[in-house]
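To keep things simple, chains are lettered A, B, C, D, E and F as they appear, and every chain counts its residues starting from 1.
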Amino acid sequence: MQKIEAVIQPSKLDAVKDALVEAGISGITIFEARGHGRQKGHTEFYRGREYAVDLLPKVKLELVVTDDLAEKAIQAIITAARTGRIGDGKIFVSKIDEAIRIRNDERGEIAL
Amino acid sequence: MAMLKRLQANPNHAAKLGFLLKTGLLLALCLVASAPLLAQSSAVTPERIAAIEKATAAAQSNADNAWMLTSAALVLLMSGPGLALFYGGLVRKKNILGTMMQTFAMMAVITVLWAIVGYSLAFGDGMAFIGGLHNAFLQGVGLAPDPAYAATIPAQTYMVYQLMFAIITPALITGAFAERVKFSALLVFMILWALLVYSPMAHMVWGKGGLLNAALGGRFPCLDFAGGTVVHVTSGVSALVTAIYLGKRVGYPKLPMPPHSVVLSFIGACLLWFGWFGFNAGSALASGSLATSAFVATHFAAAAAAIGWGAAEWVRNGKPSALGAISGAVAGLVAITPASGFVTPINALWIGLIAGVFCFFMVVKVKAIFGYDDSLDAFGVHGAGGTLGAILTGIFANSAINPILGAGKATGLLEGNGRQVLNQFIGVGIAWIVSIVGTLAILFIVDNLIGLRVSEDDEREGLDLTQHGEEGYDWDAA
Amino acid sequence: MAMLKRLQANPNHAAKLGFLLKTGLLLALCLVASAPLLAQSSAVTPERIAAIEKATAAAQSNADNAWMLTSAALVLLMSGPGLALFYGGLVRKKNILGTMMQTFAMMAVITVLWAIVGYSLAFGDGMAFIGGLHNAFLQGVGLAPDPAYAATIPAQTYMVYQLMFAIITPALITGAFAERVKFSALLVFMILWALLVYSPMAHMVWGKGGLLNAALGGRFPCLDFAGGTVVHVTSGVSALVTAIYLGKRVGYPKLPMPPHSVVLSFIGACLLWFGWFGFNAGSALASGSLATSAFVATHFAAAAAAIGWGAAEWVRNGKPSALGAISGAVAGLVAITPASGFVTPINALWIGLIAGVFCFFMVVKVKAIFGYDDSLDAFGVHGAGGTLGAILTGIFANSAINPILGAGKATGLLEGNGRQVLNQFIGVGIAWIVSIVGTLAILFIVDNLIGLRVSEDDEREGLDLTQHGEEGYDWDAA
Amino acid sequence: MAMLKRLQANPNHAAKLGFLLKTGLLLALCLVASAPLLAQSSAVTPERIAAIEKATAAAQSNADNAWMLTSAALVLLMSGPGLALFYGGLVRKKNILGTMMQTFAMMAVITVLWAIVGYSLAFGDGMAFIGGLHNAFLQGVGLAPDPAYAATIPAQTYMVYQLMFAIITPALITGAFAERVKFSALLVFMILWALLVYSPMAHMVWGKGGLLNAALGGRFPCLDFAGGTVVHVTSGVSALVTAIYLGKRVGYPKLPMPPHSVVLSFIGACLLWFGWFGFNAGSALASGSLATSAFVATHFAAAAAAIGWGAAEWVRNGKPSALGAISGAVAGLVAITPASGFVTPINALWIGLIAGVFCFFMVVKVKAIFGYDDSLDAFGVHGAGGTLGAILTGIFANSAINPILGAGKATGLLEGNGRQVLNQFIGVGIAWIVSIVGTLAILFIVDNLIGLRVSEDDEREGLDLTQHGEEGYDWDAA
Amino acid sequence: MQKIEAVIQPSKLDAVKDALVEAGISGITIFEARGHGRQKGHTEFYRGREYAVDLLPKVKLELVVTDDLAEKAIQAIITAARTGRIGDGKIFVSKIDEAIRIRNDERGEIAL
Amino acid sequence: MQKIEAVIQPSKLDAVKDALVEAGISGITIFEARGHGRQKGHTEFYRGREYAVDLLPKVKLELVVTDDLAEKAIQAIITAARTGRIGDGKIFVSKIDEAIRIRNDERGEIAL
């Protein structure tokens, strides 16, 4: 099983979610995040104090999928999340050793 | 703060003292003779009576002024924070400050404009369609009453009270601008709109010699107690035109754009309801029983409309929502605005109930059918509710509440005066036309001059950051 | 808005003019003879004097009405947004809109009920226990004053002012319903409660011929200036009964259920304090010195009670909390409600201080001992504070502030009138009994008819989603 | 609530009745003879006239009292929730309740202090610098007017109105204490400050025989209509001293400390604007035309100052911010405070505009240069704006608006009275000196007695948890 | 060392935390999350606009434990978090190579 | 590639971010979190009800770095985040199999 972590633009969340569901992947967990990278931030002013904000709002998706679905999921995310501009985000893939469904203690791929 | 003010505030006291002193001896001589039973100090003299009459007028004036100052403050509260919160809660988090700023800017900019020329154009002597420039820079608008408008309160009270209406009216339009307009463009638009749409409409309905003025001899006497046409029809219709001209927000209607805080909208709606007592009951321009009548009608219509909208939702969605209930209340307040001061409490309930259901229908059904993006339903609530209210006023207006057309003369349709409904249609029709034409022209000018919409990128990032360089909330700072 | 209203608002002006014109010649003839020194225009005639008397009465009426309209608006503000925020901040995020809706629904539903039959049952002629139906649909409730209640303001002002009390009272009960009641059941409960508990109690204490009415010849004259028994005891005791009947929230008390926003509660509490000036000082029904006295007492009690509760927390927990301070202030406002208008400023401080400590004790200790889940402490604050305040009124009431029992007659215990404490106990006792019996009956009926509680699942998901299909906040939408 | 109160509220009615009854027969005899044409019931008697005079005075009093009670409530609203929100929004989330509590504590503590000794020290008879103890525990402060201060309203109305000023003034200082002061230390500081700085200043400017009192024969007549020196200069300068004495917050200025909710600050600022009508127009102590004048000036200055600050930001940062606009409005309200009631509407616009730009400069430039951590800019807005406003009052004051120095006598510099500017400088200078010396002394005492600052750890954790054991928001509870 | 990631119902957080502490595991980090899966969402209405909300509030726990404690931790979570209804959530297990205590630079299992 | 997860005190976020940037690592994703561990919590009171709060605000950083930069990143975090008091937090290191830049589909270390 693979764990796919995707950091994307918040405005693309709906599109990515739909693309994944279409690709047959419905188990997703989502987190609000802030990101730092190449994308440059902006400046805010509060009574003359200047704040350089270099942490930008991002959304992170985590999905654990069977090995064979991984690439399909990745493609779905890339396609739906891409705007072509800096800051579109990253996907990281790693291994998961076990998955368990809390409801009925099912383990392994069947639990996804 | 102290005696100094007291003396200023009550010149009549001083005057009274003066009279008594000056005429003391004379009175003593003259009255002792004709009323030997009375002590000298309590002699009844014409001077004393005149002093009493002055004192009575002063008391009356201060009584009415107490209410009118309170009302003026209440109407300002309707804009900020009332409307700013009502609208602000409905947008997405990234636009909260931008949205509130659009209202707050009216509080600042329209005030200055009003002082320079706005009041004069609306309420100065002029033609049937617009006032003149005699009162520019508030020349001639002093502390003595202007009897044509309000005989018992200082003219400046009337001026500042009217200003609060001139502020909230353009602020209402911002509901259609929401989440996508340049702040600079908004300012220019609103200044032009105040001059070209609001001032003429206010003059026609309320100004001396205005075309539709029912009290000061207008050609088509149109009943509008507190601004159904002047405030709500103009702003609502202009909002519709603007929404169509601007086009939809990026992503609308596919992207979900739920309110970021119905809680803020709830607070705003309650403050609107509260402030509306100043708006409607204050429009009696005195604290007498007409104010009471308008107060009661206002409250009753809001309550019934909240029930109307809520019930419609209950039937349609299976549950009534908080947003629905408060939207209904606002719709009822809009619809009763022209009618308050003309209708009985029970008829106010009917007007509210009808308005609640009608505006629900406009916002939920009609908007969906036509597909324009009137983001915060400025048209669906204010345009539709205002138009409905103006017509219903012609139906329900009652000479027992307000013999505006002459004592004992039938006022509304239910009393047998069908003509009034026609006049109401004329008033509303003119308001629609002026709003459509004026708004279109101004949109065209500003769009070509500055550009109305922010860039798509800026729209995505939000008005707060791109227009104002700040954010509404920071939950994360250590 | 303009001259039309002015004329309506001041019929006296017209009347005055009329008198003068009609009698002008006659007066000239008659008075020139008897007072040859005076110019004709300033002649003192009975008609002129009568006109002045009318004008004076009008000024007095407008002065009082200005304050009473303001007060009515303030009392509405106490419900929405005041109480809605105070309660809304205390619940968990998932119930914020449901909680605020429970109050907002009262603003809508009780208003209509009041127009139909509520006012008539409470203030119409009737028996010692309840009014009649003569004023149903507000028949006979016009713009002329009803001297039995308030001689200087329009009867409709009195009616709408009283309505605001009828709104907030059931809204207070919702603190015990919080986070677990069906919205439909709540509506039915409240309508029945308004008819079966509120209207009778209001009639007994304030209505013509009411059993406990100290001013209009009740059998057991009970002092309740602004609603200690009528508003706070009834709502607080009914809340206790309801909390016990409903049972605890799922998870209570193991699951932590901290307020989701003390900030909202803080705003709400401040608005309650602010609005309470209308509640208490408005209960003078005029803007004279009795209003001032009630205003001062109100403010002083709130301040002292905030200190009392805060100090108790400081001693017990090592630190005073913001929630404690605002809860204390509200407790003080509750306790001073029956007493305001009867006590000196310094005694108001004592009443506040006692109430702050006492309600702290009730909420923190007594609730824990008995274990009922009065979620937002409607009983601990309003029931306990109201009962305490009613008794303290009997102790501290002072004839120098308000010679209600006759000029110079001892009023409270400290002045030597021990009987009054007894009467206060009778009033409070009746309020407890009516509330317990009435509420139990209604709960039983509604529970069997509709079911009071939402399902456990719905309770877990929250009232906002399950009852209203919406959420209070959306921080995440793009 | 009912007839009982009516009778109390209008003793004049009873009195009038009494007169008429007692003298009925006599009058009948005496007047029928001299005016055979008149019906007996409408005879013009001195008693009747005296009754009318009493009734007129009562109407006048109730009219003014209606406004003054409203104003007092409005000024309280400025503190809570107004200022509490304005300041609370500007701090980090972890300090929101602590910040709001600092203001709320003033509402409680200063009230009790005022009753015990504060009012007496400020407004009781005394010397040029401070009042005496004759009115301690409010002895002698009854419901009859105190003509030296306000002839038409109950003395207790004046007392409670002034109390609201005494509450907000120390609350303003907390802007400099923000995010780092012990709650216990704050309480002791404020009590001492109220006694040693506020009461003397209030006495000097407004008290009978005060050194700077322009109305009651002060040695250096200084114009301060609603508290430019008494409220804003004292609080602002004390805030500066405090900020410097306390030192910077941990991490300042490296650590970003953006406002956690400009939305709350926005609501607060709007409520301040709204409440300020009570502050300034209420300072007329009556609802006559002077109140109107102050009302208009207040509104105009706020609007112009919002534009001034916003424009300055637009030039400097490329965009105007919501926080800037509301800060500007508050700056304008501060600056107009001493001038309202003395200046024309148009000059109010100028004062506002100047203040908006000036305070922007103070907050953005001057603070950065000197590097003190006046966390919420209490000095930059209130100290600087108050000082500026006091001087501008000396320039713009106009005898046509308020002939305070005698009818027709030049008042401000623009009218040719250069001396007044000097007097204004004297007034401001004294306020600066008293504030600096008093605050330093108190800081020194409290710091050595209790310690002013929380520990560094506590500061990091936030005031809410460490001082009050609670949190402002809980978004996570299930 | 094993990393255990558990997505659970928010209302079960307290119970799970207590169960873990009882099982001898005290180091936990918790995140607010939104989840998409089999559990069906709900519909919200805002002025007639209908929003199908299919992201539901969830809480995610992360705990790094020694290999021998892993199963105990999993059992504790399952027992405490189970309601038996769809949406109870998932547990994912993966390997962690190194753990470091920032306070004192302790590394490895001792740092947990 | 290594994934470094660091749970730190919120007040140290800025310092840690700056230290990482200085160490040449600019890609970071940040999450608000609550932590349970040795650090003891505090007590809150709401109308006499006492709440023992044992979940404390924390911030979690996630950064995926090339193997050779890992230790440098860890050092940067430790140095910047340490106050020496209990509750300073933890760093966990694990393996990442693949990294993808959404913008242009770059994969592997070049995508970081």
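The criterion applied here is as follows: contacts are C-beta pairs under 8 Å (C-beta built on N, C-alpha and C of every residue); 3 or more make two chains touch, one makes a residue touch a chain.
Everything quoted here is computed from the prediction, not taken from an experiment.
Chains touching both chain D and chain E: A, B, C, F.
Where touching is counted per the definition, the chains common to chain E and chain F are A, B, C, D. For the pairs B-E and A-C, the larger set of C-beta contacts lies at B-E.
Inter-chain centre distance (chain B to chain C, centres taken as mean C-alpha positions): 29 Å.
Taking each chain's centre as the mean of its C-alpha atoms, chain A lies 49 Å from chain B. Computed from the mean C-alpha positions, the centre of chain A lies at a distance of 54 Å from the centre of chain D.
Each of the following residues of chain B touches two or more other chains: 34, 44, 49, 52, 56, 59-60, 62-63, 66-67, 70, 255-256, 258-259, 267, 317, 319, 321, 323, 460, 469-471, 473, 475-476, 478. The set of chain A residues touching two or more other chains comprises 11, 14, 31-32, 34, 44-46, 94-95. The touch graph of these protein chains is complete, with an edge between every pair of chains.
Within the complex formed with chain E, the chain D residues making contact are 475-476, 478. Interface residues of chain C, counted against chain E in their complex, comprise 251, 255-256, 460-461, 465, 469-471, 476.
On chain C, the positions that touch chain F within their shared complex are 253, 256, 258-259, 313, 316-317, 319, 321, 323-324, 327, 360, 363-365, 367-368, 377.
The residues of chain E lying in touch with chain A in their complex are 2, 6-8, 31-38, 54-55, 58, 60, 74, 77-78, 81-95. Listed in rising order, the residues of chain F touching chain C in the complex are 44-49, 51.
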